[in-house]
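What follows is a pair of complexes built around chain A, which joins chain B in one and chain C in the other.
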Partner chain A sequence: MLAVQILVDGFAISALYGLGAVGFTLMFGVSGVLNLSHGATMVVAAVTAWVVAGQHAGSPWLAALAGTGAGVATAFATYFLVVRPIQRSRSVPAAEKEIFVLTGTLLWGIMIQEAVAYFYTDNPKTVQPLIAGVMQIGGVRTPINELLIAVICWTVIGLLWLLVNRTKAGKVLLAASINPRALTILGFELSRVYLLVWTIYGVLAGIAGVLLATFLGASSAQASQLTASAFSIVVLGGLGSVTGSLFAAYVVGYLETLTAYLISPAYRTVPALVLVVLVVYFRPHGLLGRR
Partner chain B sequence: MWIALVLLAVLLTLPLWASAYILGVLTVACYFGVFAMSWDLLFGFANEVNFGPTFLIGTGAYTAGLLNAHGVPMWVCLIAGAAGALVGGVVLAVPALRLTGPYFGLTTLVAVLLLQQFIIIFAGTTGGEIGLTMNDILSMDATTNYWYALTFMAVSGAILLTLSRSPVGLILQASGQDRIGAAALGFNVVKHKLAAFCVSAVFSGLAGAMLVFYLGTASVGTVVDVAVGVQVIIAAVLGGRRTIVGAAIGAIFLILAGELLRPLGQLSTFVVSAVALVVILFFVDGLMGLLGRRREES
Partner chain C sequence: MLDRKTFTLHVRTVLLAAAALGCLAASQVRAQTKEPIRIGIISEESAIAGAGISRAAQIAMDEINAAGGVDGRKVEIVQYDDHNSAADAVRAFQRAVSQDKVVGVIGTYITEIALALQPWSARTHVPFITTGAASNEISRHVHDDYDKNKYTFHEYMASPFIADSVCDSVKLWLQTKYSIKSAVVLSEDAAWTTPLDAEYLECLPKVGVTVLDHVRFSPDTSDFTPLYNKIEGEKPDVIVTGWSHIGVQPTVQWAQQQVPIPIIGISSQATSGTFWKDTNGAAAGIVTFSVASDGANLTPVTQPFVDAYIKRFGEPPPYPGFTTVDAVHVFVEAVRRAGSTDGDKLVTALEQTDYIGTVGRVQFYGRDSLFTHAMKYGPTFAPGIALQWQDGKQVPLWPKAAPNAKLKFPAFTHLQPPKG
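After this line comes the complex of A and B, so read on.
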């Protein structure tokens, strides 16, 4: 019974981690940006959903939509207010642009986190599950919401795969992640590619944030932890590799669940961190990384 | 250079007319200045973005704290703290010398998280999130503490500044900006970067140890938390990268601003981060750049 419980819980949380990590790694793979305000973006989506659901008495689905929209809005704000000005700045030497973008997104993330805490406090916010009720799986009572989360995450990831591999826009994205310069020579506008990737990122982070609110609750205090988790998963899987991130998300998700159930919830994050350290020492480019 | 001397002169005269409260704030600012200067040596020169300066600071602080809890005299603890941080620096340097860019930054971030978890999990020995109470403190008197801190910052600053302007500093800059080129010229890049880590670690650790002896407690929130590390980075970048002096100025500015903005309550962090962001976007060379000083560039 415990085994089934671990299996199911682990699957749901891994799917959630996976969605967040995929957005993060896609952003890095295509535009080279490590968005350290990732956690904050997710929190904004979660809190928006909570606001719409609670204070405006909207249905959970409307709240979810609003949350996702907020995620996209935050992503755009990050791009246009922080990342793009630094990338286009003439006073920052080219070799240091990456570092400045990193620091800039870090600061921006902190600003968002504090703003959310100021207006809505840093108490954890939860949103009603999208579908209420429980279900029996192998003798274990599981909230339907957990299964829904796994289904939604994988559907979104599947849609992303379709987008990248079957549509022209997706193929351009893929090309941009491999060789942006060649893409411009071929006549494609990189700025539109970046716009697309930030939109996709916003949607992914937004959905992940809303789902997090329905599952575990989200608070502005968690923003840096969420970013750090996504970061660790992506390093484990290999920066820039979507498959790697998914795989790593499951490894981390199951490690955490196993630790929480079998040892203690307090030590939940330790095995994953140790694993990240080991990977960085012995295989720095991650399990499936290519850059 | 003259800016540093002017600032030092002002700071030296403070005990004559400033209140104990101001001296207290500036004492912390001085230790923070050393954190920032050590970070700048590593980043500004060796070009290694260390997202976890608090790994080194925390290791130094807790080594000193834990030893002190077992009755070891304060001065020995301070040296042990620096040594502990040195070991931490070497541990951090080993992957760094094999990784570049974002991978290294990640490692440093993970190192801090691991240290934090480690301290929280072994709360029985380390005091966890509540913190460790020190058996000794530097001094009860605000002025004496201030002198300790100021002297420490001035001496550390002088050493770091001299190092940065020495041939060693130039080699570090070269290794940071063009690793292959520097190696081709015959410089041992690995050795120099390792040396940079060690120097940064020793100063950070020692400052961390002194800070906890000043505060009287060592806790995760003051010396290990990622948020503190971020403040160190902001201080250095705000002051001006690659200047060493700028880092100290940035640190003092940041701590003072934090205090001045205290009435704003929660929004103070927001405002400070916003200002730092604006600086990064528009005043890339930081406060030193504003004051007309070009950053060290070869």
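After this line comes the complex of A and C, so read on.
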């Protein structure tokens, strides 16, 4: 029974981790940007969903939609106000641009986090589950919402796979991640590719934020922890590798759940972090990284 | 034409008159602009409980000033945000005393921060009243080294009293309605819960409740499923909590996972009026200790304060709101009694406090008590209350129930009526 409980719980949380990390890694793969305001973006989505849910009680789907929209809006704001000005700046040497983007998004994330805390306090916010109630799985009482989260995550990830592998826009994204210069020579506007990847990123982070609010609850104080968790999953899986990130999300998710159930919830994140350190030491390109 | 002599005389008179008028005017101005009595408020503005401290202080300040202030002097609140950091709070305290010239500091709902401010209050001889921190370490320091630490007062229920109040409510109220024979104590790992849990473990068995397990968890826990899973396996009748830094998340997960065990004890976030909204109604059935609430009517001033707070801020006050509005009044009364803002005289005056506030009759324990300068607990002083969230409202149920109020646990929980 405990085994079933761990299986079910670990599956939902891993799916959520996966969704959060996929956008993060895709962004790095395509545009070389590590967005350290990732957690703040998720929190904005979660808090927006909470605010809208408070104003329109009884329509959790509307709240979810608004939250996702807020995720996209935050992603655009990050791109246009922080990342693009740094990328285009002439006073920042090309070799230092990545570090500037890292610092810029980190500070931007803190600004968002503080703003959310100022207006809506840092107490955690939760959104009503899309479907309430529980069901029995192998004798384990499981909230239906938890299953729904896993289904939504995998549907979205599936759609992303279709987009990348089956559409022209997706192939352009892939090409940009392999050789952006060649893509420009072929006459593609890189700025458009970036806009597309930021949109996809915003949708993914937005959905992940809203789902987190319906599941465990989200608070502005968690923003940096969410960034760190996405970051360690992505490093574990291999920077830029979407499959690697999904695989790593499950490794981390199950490792955490096992620790929480079998040892103590207090040490939940410790083994996963130790694993990240080991992987960085012995296999710096990650479990499934390509470099 | 005026001769020279008369002219000089005239000039002299005019000058004298002007000088006299000037003096008069100046003395009048001085009377009007007597230095205000400045009180520093240190709290975490981005937390509901912290914001409740500064908001309640503003209400108290306006009440006092509308009634003429203290001997013609106005009361002025100087507000500092400590961002839930002891270092920021200490800096705020230093600034408050050296630069802003406050004569007393009120604030913080966090024990760790109150303990960090205590030595600064001792060093500067500026009285400090904490209105939300709970650990009895605060008053124990006053007891152990009175001459040094006497400047600190603890105007909130000390942790052991909270536990006693919970045990009293179980015995005198809950056990008359349900069979409650066993419990698991589930508390966050923080300074205030150490004495709380110790007292739970002592007083629960005394009221016939076996403690099956004692679980402490990190305040950054976000997934409570493993904890609930473990507790459910132990089959207790109730979960007795010590929650303050957390609250929304375990409540929401308890309701979503339909954990069949009712939650009682203290959940500080549930004392805030926004808790229902924050949890989307998952709060239904949660029982928590508090010092007062909307509808609790502990004294004639409780409800007028709640109404004023709701009118101004759109929501009922969280627990430190009640203790803070009382503390500002208590402090100002002490200034009046002392006829001075000297730290030592204020301490003596504060020790004589006997004030009917929103939480009951406020008095402080004396030097002979282990809880020196902590607020007195008991039916004739501050009794503490138990309230339950029902249909979006906090319903006070014990010791005085609101009219027609009834205990109502969610359908997914199981409690049996008492046997015999």
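As a convention for this text, the second predicted complex is superposed on the first by the 287 of 291 C-alpha atoms of A that agree within 3 Å, B and C clash if a C-alpha of one lies under 4 Å from a C-alpha of the other, contacts with A are read in each partner's own complex, and residues count from 1 in each chain.
Convention: a residue touches a chain if its C-beta (ideal position, glycine included) is under 8 Å from a C-beta of that chain, and two chains touch if they have at least 3 such contacts.
Fair warning: this is a prediction, and the values are worked out from it, not measured in the lab.
When both complexes are overlaid on chain A, the residue A:145 reaches chain C alone and has no touch with chain B. Contact with neither chain B nor chain C is seen for A:4 once the two complexes are overlaid on the shared chain.
In the superposition on chain A, A:118 makes contact with both chain B and chain C. In the superposed pair of complexes, A:102 makes contact with chain B only, with no contact to chain C. In the superposed pair of complexes, A:266 makes contact with chain B and with chain C alike.
When the two complexes are overlaid, the chain among chain B and chain C that reaches more residues of chain A is B.
Judged by the touch definition given at the top, the superposed model places A:162 against neither chain B nor chain C. Of the residues of chain A, those at positions 117-118, 266 touch chain B in one of the two structures and chain C in the other. Within the complex, the chain A residues that touch chain C are 2, 5, 9, 13, 53-54, 117-118, 121-129, 132, 134, 141, 143, 145, 216-217, 220, 222, 225, 257, 260-261, 265-266, 268. The touching residues of chain B, counted against chain A in their complex, run 49, 94-95, 98-99, 101-103, 105-107, 109-111, 113-114, 117, 120-121, 177, 226-227, 230, 233-234, 237, 266-267, 269-270, 273-274, 276-277, 280-281, 284-285.
Per the touch definition, chain A reaches chain B in the complex via residues 28, 34, 82, 85-86, 89, 91-92, 95, 98-100, 102-104, 106-108, 110-111, 114-115, 117-118, 224, 228, 231-232, 235, 239, 266-267, 269-270, 273-274, 276-277, 280-281, 284-285.
Within the complex formed with chain A, the residues of chain C that make contact are 45-48, 51, 189, 217-218, 220-227, 229, 246-249, 252-253, 256-258, 269, 277-282.
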